[in-house]
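For reference, chains read A, B, C, D and E in written order, and residue numbers begin at 1 within each chain.
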Amino acid sequence: MTALAAHVPALVVVNLLMCSYIMPVLARWKKHLCIPVALGSVSFSFILSIFLTFQVSRQGAFSYALGGWAAPWGIEFVVDHFSVFMLLTLTGVGLLILVYATEDLIHELKQDVVGWYYTLYLLLMGSMVGLALTNDLFNLFVFVEICAIASCAIISIKENRECIEASLKYLILSAVGSGGMLLGIAMIYMVTGNLNFTYVTEALPQAFELYPRNIMVAMSMFTAGIGVKAALFPLHVWLPDAHSSAPSPSSAILSGLVIKIYAAVFIKIFLRMFPWDVYETVPLMTIVLIMSSVGIVVGSMFAIVQEDIKKMLAYSSVAQIGYVFLGIGLLSQNGTLGGILHIFNHALMKSMLFMSAGAIIYSTGVRRISDLKGIGTKMPLVMSVFSIGAFSMVGIPMTNGFISKWYLAIGALDVDKPLYVAVILLSSLLNGVYYLPIVVNAFFGEGKESVTVHHKLPWKMTLPLIILASAIIITGIFPKLMLGLADKAVMFLLN
Amino acid sequence: MEDLILTMIVRLILPFIQIYGYYIIIHGHLSPGGGFPGGAIIGASMILFALAFNLKEGSNKISHDTSTLLESGGAFGFAALGFLGVFMGSNYLSNRAAGFPLGIPGNLISSGMIFLISIFIGVKVASTFITLFFNLVEGKTHD
Amino acid sequence: MIEILSNLLHNFYYLIAIILFVIGFHTMLSHSNLIKKIMGMNIMDTAIFLFFVSIGYVEGGRAPIIELGQDHVYVNPIPSALILTGIVVAVSVTAFALSLIVKIYQHYGTVDAEEIMRIRSREV
Amino acid sequence: MRQLLVVIFLALIANALIFTVVEMPPFGSPDNPSNNQVNQRYVEKGVEETGSINVVASVIMDYRAFDTLGEATVLFVAIAAALSNLKAH
Amino acid sequence: MTAVLTMIFQYLLLIFLVVCALAVARTRDLLGAVIIFASYSLVMAILWQQLEAPDVAVTEAAIGAGVTSLLFIVVISKTRRME
């Protein structure tokens, strides 16, 4: 046991990958084993992440050399406060979405592709966990590609022509993004001779004096490449179609986790790999700030005019990912803390909102917002959960959305940029404009023809909703729970 | 519509292409090549066989069950090979430290894990390309 | 000026890789045919691979297959190793994109992005 | 109009990249920053440490074997994606 | 002398690559474009051989020129040949 404990960082990734390798075989010959194996492997990774969290809080950050070759020669995984924060978010929310998916997919997909869905889901989880842990640029690229293909595939798996078109658009744009990232990696390798983050950081100051243009091109390539994948504002064009047409569990994981992990990759590259004094000469972070704040406002405005509930949630994601990048771009301790916290908070909120929208579609078949009047009396549980998510999106105190917005605002004031506080307030107002009418109409509105409930919700679909909603409330009332971990992550990044 | 000349030529050169593919796979640690190009060559030779004869015969040569097993097995074998390192007291995916015999450099049977990984990857790549090709071909053109 | 030109001529491999990258990117952005877009993506990827491999070249070096007991200069093996992975990644993306295009043709009867947009706007 | 915008955008990118090429480390020079202790160790000790005389094979399947596992996974995810898409309809 | 000749050979191949890429972009016939793309990949493989990266050259010749072109041809045969 003690011998195995040292290998947990590798195991947490490889366990997901290996279970996905055997999934097609199970789907062909032992169909009833698919769901238990998928659930088992994700929950095993969740347990391992909790174990890693304890290990990190006890002994500090540590690294794991894959293949036994230490850092500059081999690939290494680094387990630090930031990566365990991401690990907990990914595996925890991913497990809940998977529990929800086991019931929802029966209704949304054909029987013979459900096995493939679990394969792709586990691969997506594995690649995201790998992205959170890896400390090597090229390994990061490989995981980004796995993540990109798997996230396109869980959209196109639905038998619907909008899905295929949205998926192809997403695939082509993310291929452009990957190309940009690879060119950036080539530029960095050319002037530093290393691929490991730690060694690149050491070599960068000297390289920046000798070859400044290379570094600048690499930085812009990374920004554009990750920006496309994380749907940073002018590059978000693929997101609304992709996230709204996908099956509900896919929307939940794509909006809740996949765009967040790219934000985490952005943090890893720009806050950990590049030395911070680069930003005094390169105005990159100002550009990121402008892009994200325009994205926050414009995304919210687009969300107001949507009629489809999932499309509205997708545009809201464009706005919310802006908060994360706003926090990164502020380059202050509290701002970064707010951004990192928002990764976790928005993962909870948006996956819950997508799942409750999916639950509404599952039981009533209604997608239009104007048809949702009076649904609160028919489906009280789902709508009250949806209301909690909506309040948290607006940033009402006692919910966790408030906490991250609070820290973002403090961070903006710390570096003397009160304009961004105004952006945050304006966006909260806009969020209220499109979320609160749904809640009010659902409970007090009188629809012309009342909605009929066709299917009763099974417990596997309601349980994740209840857990996520209570997590939103609990982390809203007792923010210390995640704040401690996020604070340590920020301290680690600042070093 | 089988063309006699075409089928004869394919019958003649197919063994050579396949042997070349196997050669590239198992000499991956001695000469340029390895699992990826070798697997691609073997896959391409099977596709050539299927194109020269009717498509039915080619897709019968490798059934869906076999290809599923080969794909999953290739990747799973590779990942499982890495665990040997964990049990031998080294790290995941290690070669010499996991006790693989390295042999004499330059011999065919040498370099421990590299040789085995090449074979697993060759199997995986060949079966992947064959499956991809047949599934793209078999899909209905019109609903 | 002459210095810039001589630098460009010396770094001709890099220059061509950049030009190919831009051509591929242009093909990807401006062509409405989806298959052409995927070809543009492949050209873009190979351009980056060419760039990466030429980073590893060393004047007068040999391919990194060691001759035991001899003292040669060898080229840098790392870019070659990375690009082997890159080629497989590119072909995987291509394969998936092509399977999506086959499906799009079945549903819309065309592989032209603008025509698909027209069909969709007519529906709404 | 859109074509013109695309061309201007690409011209800007090409301009920036070509000016970068002028300042890059010279092609093929042994003193480039990419020729450091990492690849020297691969070339000098690779045969002894991995038993493979093809250094590229020893890099992809021993020193950086996890990349190759990721690469096999990329192939696997491509086939899973393509099959799930082709069979779903 | 041979060094200069090799250099000229390499530069010609590089220019040929650009011509091929432009031809792929301009050709209206998709099948023709795929064939040009295959020759582009082969020339790329030769260049990688010139850059002393034989592993990449073999892989590109097998996967880039062989398998990718095959997949393109299958898809074109199932869809339309003209752009």
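We take it that contacts are C-beta pairs under 8 Å (C-beta built on N, C-alpha and C of every residue); 3 or more make two chains touch, one makes a residue touch a chain.
Keep in mind the model is a prediction, meaning the values are calculated, not measured.
The set of chains touching subunit A and also touching subunit E is given as B, C, D. When each chain is reduced to the average of its Cα atoms, A sits farthest from subunit E. More C-beta pairs in contact connect the chains of C-E than those of the other pair, out of A-B and C-E.
Using the mean of the Cα atoms as each chain's centre, the chain most removed from subunit B is A.
If each chain is reduced to the centroid of its CA atoms, subunit B and subunit C end up 25 Å from each other. One finds 18 Å separating the Cα centroids of subunit D and subunit E. Multi-chain contact residues of subunit D (touching two or more other chains) are listed as 17, 23-24, 32, 34-35, 38, 42, 47, 53-54, 56-57, 60, 62, 64-71, 73-79, 81-83, 85-87, 89.
Residue positions of subunit B touching 2 or more other chains: 30-32, 34, 36, 71, 75, 79, 82, 92-93, 95, 105-106, 125, 132, 135-136, 139, 141.
Among the residues of subunit C, those in touch with two or more other chains are 12-13, 19, 21, 25-26, 38, 54-57, 63-66, 68, 78-82, 84-85, 87-89, 91-93, 95-96, 98-103, 106. Applying the touch definition to every pair of chains gives A-B, A-C, A-D, B-C, B-D, B-E, C-D, C-E, D-E. On the subunit D side of its complex with subunit C, the touching residues are 3, 6-7, 10, 13-14, 17-18, 21-24, 26-30, 32, 34-35, 38-39, 42-43, 46-47, 53-56, 59-60, 64, 67-68, 70-71, 74-75, 77-79, 81-82, 85-86, 89. On the subunit C side of its complex with subunit D, the touching residues are 4, 7-8, 10-15, 18-19, 21-22, 25-26, 29-30, 54-59, 64-66, 68, 73-74, 76-82, 84-85, 88-89, 91-93, 95-96, 99-100, 102-103, 106.
Interface of subunit E with subunit C (complex): residues 11, 14-15, 17-18, 21-22, 24-25, 30, 33-34, 37, 40-41, 44, 47-48, 51-56, 59-60, 63-64, 67-68, 71-72, 74-76, 78-80, 83. Looking at the complex, you find that subunit B touches subunit E at residues 24, 32-34, 36-38, 40-41, 43-44, 47, 129, 132-133, 136-137, 139, 141. Against subunit B, the residues of subunit D that register as touching in their complex are 47-54, 56-58, 60-62, 65-66, 68-69, 71-73, 75-76, 78-79, 82-83, 86-87.
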